[in-house]
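Heads up, the next two complexes both have chain A, just with different partners, chain B and then chain C.
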Partner chain A sequence: MAERPEDLNLPNAVITRIIKEALPDGVNISKEARSAISRAASVFVLYATSCANNFAMKGKRKTLNASDVLSAMEEMEFQRFITPLKEALEAYRREQKGKKEASEQKKKDKDRKTDSEEQDKSRDEDNDEDEERLEEEEQNEEEEVDN
Partner chain B sequence: MAAVTTGNGAPREEEGSGGESAAPQPQAPPNASGTRLSRLPLARVKALVKADPDVTLAGQEAIFILARAAELFVETIAKDAYCCAQQGKRKTLQRRDLDNAIEAVDEFAFLEGTLD
Partner chain C sequence: MADVVVGRDKCGEQRLVSLPLSRIRVIMKSSPEVSSINQEALVLTAKATELFVQYLATYSYRHGSGKEKKALTYSDLSNTAEESETFQFLADILPKKILASKYLKMLKEKREDEEENDNNDESDDEAES
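Right after this comes the complex of A and B.
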């Protein structure tokens, strides 16, 4: 269990991959440096969250939104992140929209499917009920015999 | 697979916890369009956000941008630290390179005293 927020580390493998891709080929990173960068990333998220939350509170909102985070980046003097983040946000929104449409389509198909399935099911249920009644009658007979 | 890019909790976290050793994990399958949206698992980022007692709720987009910003941050600090290592003609980034970068770059001031 995490004792402090900074202990909520991001996965080492992912951090390592990001670092390696940022650096030229052949450059390595020591375990201490990598774990320090990982902690720094966690601290960054916590700090950014806190800044973003201030903007949300100023706007009298209880939910952090994307623009709060972007404002936080500016406040933290990471303006250089703002453009790539905006682009990433656009791409993310497009993907979410695509997924939503896909799941809505799936739902429509499913509804159509369950309607026809329900019709079959009701026929089956009638048969099952008959079987249960038969079994109960048999049990009653057995009890009488025991007595 | 959409789940990969949005950092759907279960599969991503398993990869991360399995990769504690030095051996790098095989790269996750890229997004169909070729652009990866985010590598960091959104669930972990969300856990960090929730650790802040002042935060009530955070929208999905906010979590996503924070994850992406954290990635950019890692790239940035790694590159800045590398400049110091390069000056020392070393090919391995050391902890002290990071400390130097933090001291040298104003934007990293918030990190001072937090990494110990």
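Right after this comes the complex of A and C.
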């Protein structure tokens, strides 16, 4: 697959925003400087990937994982990134766990609903009678508690 | 602490990374010998790249001459690439800029040196025979 040159670049708007947020207010960033940082970022990705891949190969794995990336940062002498990266990883894992639980819950609810719909078809009348009886029972209970 | 890790987008929603994962993935896959990339590795690489952009920008600004003028310029960045060991891997893509006239002068001097060396070689040959 041939990549077009622009595919290896990162979006200018996002890069600019990251730079602006990092620098003090009112600092002007020349177009050349922005473009240079963007290119540098792409090179950083390549360098980090290559480095991480070495760690994966050492571990006889074909898939790059999180620890390979962290080891690469250490190797490249960007130790200052390791703590924030570990925090990001924790946050990401919590998010994923939350999503998984939410979709499992949805599935449970869906299954329950489907089951009860099938039962309703044959027992509509019975349920109505049951509901009326339940309401009466609840009212009785409330009266007892008040006393 | 969470603010350091998450950014906020236009809607004010918290997002873990701002850079598009699909693009990061394309760049990573262009590296030879890389077979596959696990999703966590992709997220971490994107996050690391953001940290890198911040670091490169602030480092270059602090050490650069543009500071008095409250500006970040290309030369601040190329100086960083040349002078800092951490950023040396960027030296080839952030070369220092010189005036065209100076470059032409350098080329001329280099050519003159090469001609001189050629002449010396010839005279060496003659001496041997």
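Couple of notes before you dig in:
Simple rule for what comes next: the second predicted complex is superposed on the first by the 102 of 147 C-alpha atoms of A that agree within 3 Å, B and C clash if a C-alpha of one lies under 4 Å from a C-alpha of the other, contacts with A are read in each partner's own complex, and residues count from 1 in each chain.
As a convention for this text, a residue touches a chain if its C-beta (ideal position, glycine included) is under 8 Å from a C-beta of that chain, and two chains touch if they have at least 3 such contacts.
Values in this document were obtained by computation on a predicted structure and should not be read as measured data.
For the composite obtained by overlaying on chain A, chain B and chain C cannot both be accommodated without a clash. In the superposed pair of complexes, A:Pro11 makes contact with chain B and with chain C alike. Judged by the touch definition given at the top, the superposed model places A:Ala22 against both chain B and chain C.
When the two structures are aligned on the shared chain, A:Ala41 is found in touch with chain B and with chain C. Contacts of A:Phe81 after superposition on the shared chain: both chain B and chain C are touched. Using the contact criterion defined above for the overlaid structures, shared-chain residue A:Ser30 touches chain B and also reaches chain C.
In the superposition on chain A, A:Lys99 makes contact with chain B only, not with chain C. Contact with both chain B and chain C is seen for A:Ala52 once the two complexes are overlaid on the shared chain.
Overlap of the chain B and chain C contact sets on chain A: residues 8, 10-11, 14-15, 17-19, 21-24, 26-30, 32-33, 36-37, 39-50, 52-53, 57, 62-66, 68-70, 73, 76-78, 80-81, 84-85, 88-89, 91-93, 95. Against chain C, in their complex, chain A makes its touches with residues 3, 7-11, 14-15, 17-19, 21-24, 26-30, 32-33, 36-37, 39-50, 52-53, 57, 62-66, 68-70, 73, 76-78, 80-81, 84-85, 87-89, 91-93, 95.
For chain B in complex with chain A, the touching residues are 2, 5-6, 12-13, 15-20, 22, 24-25, 27, 35, 37-41, 44-45, 47-49, 51-52, 54-62, 64-66, 68-79, 81-82, 85, 91-95, 97-98, 102, 106-108, 110-111, 114-115. Touching chain B in their complex are the following residues of chain A: 2, 5-6, 8, 10-24, 26-33, 36-37, 39-50, 52-53, 57, 62-66, 68-70, 73, 76-78, 80-81, 84-85, 88-89, 91-93, 95-96, 99. In the complex of the two chains, the chain C residues touching chain A come out as 1-2, 4-7, 16-20, 23-24, 26-28, 30-31, 33-38, 40-41, 43-45, 47-58, 61, 69-74, 76-78, 85-86, 89-90, 93-94.
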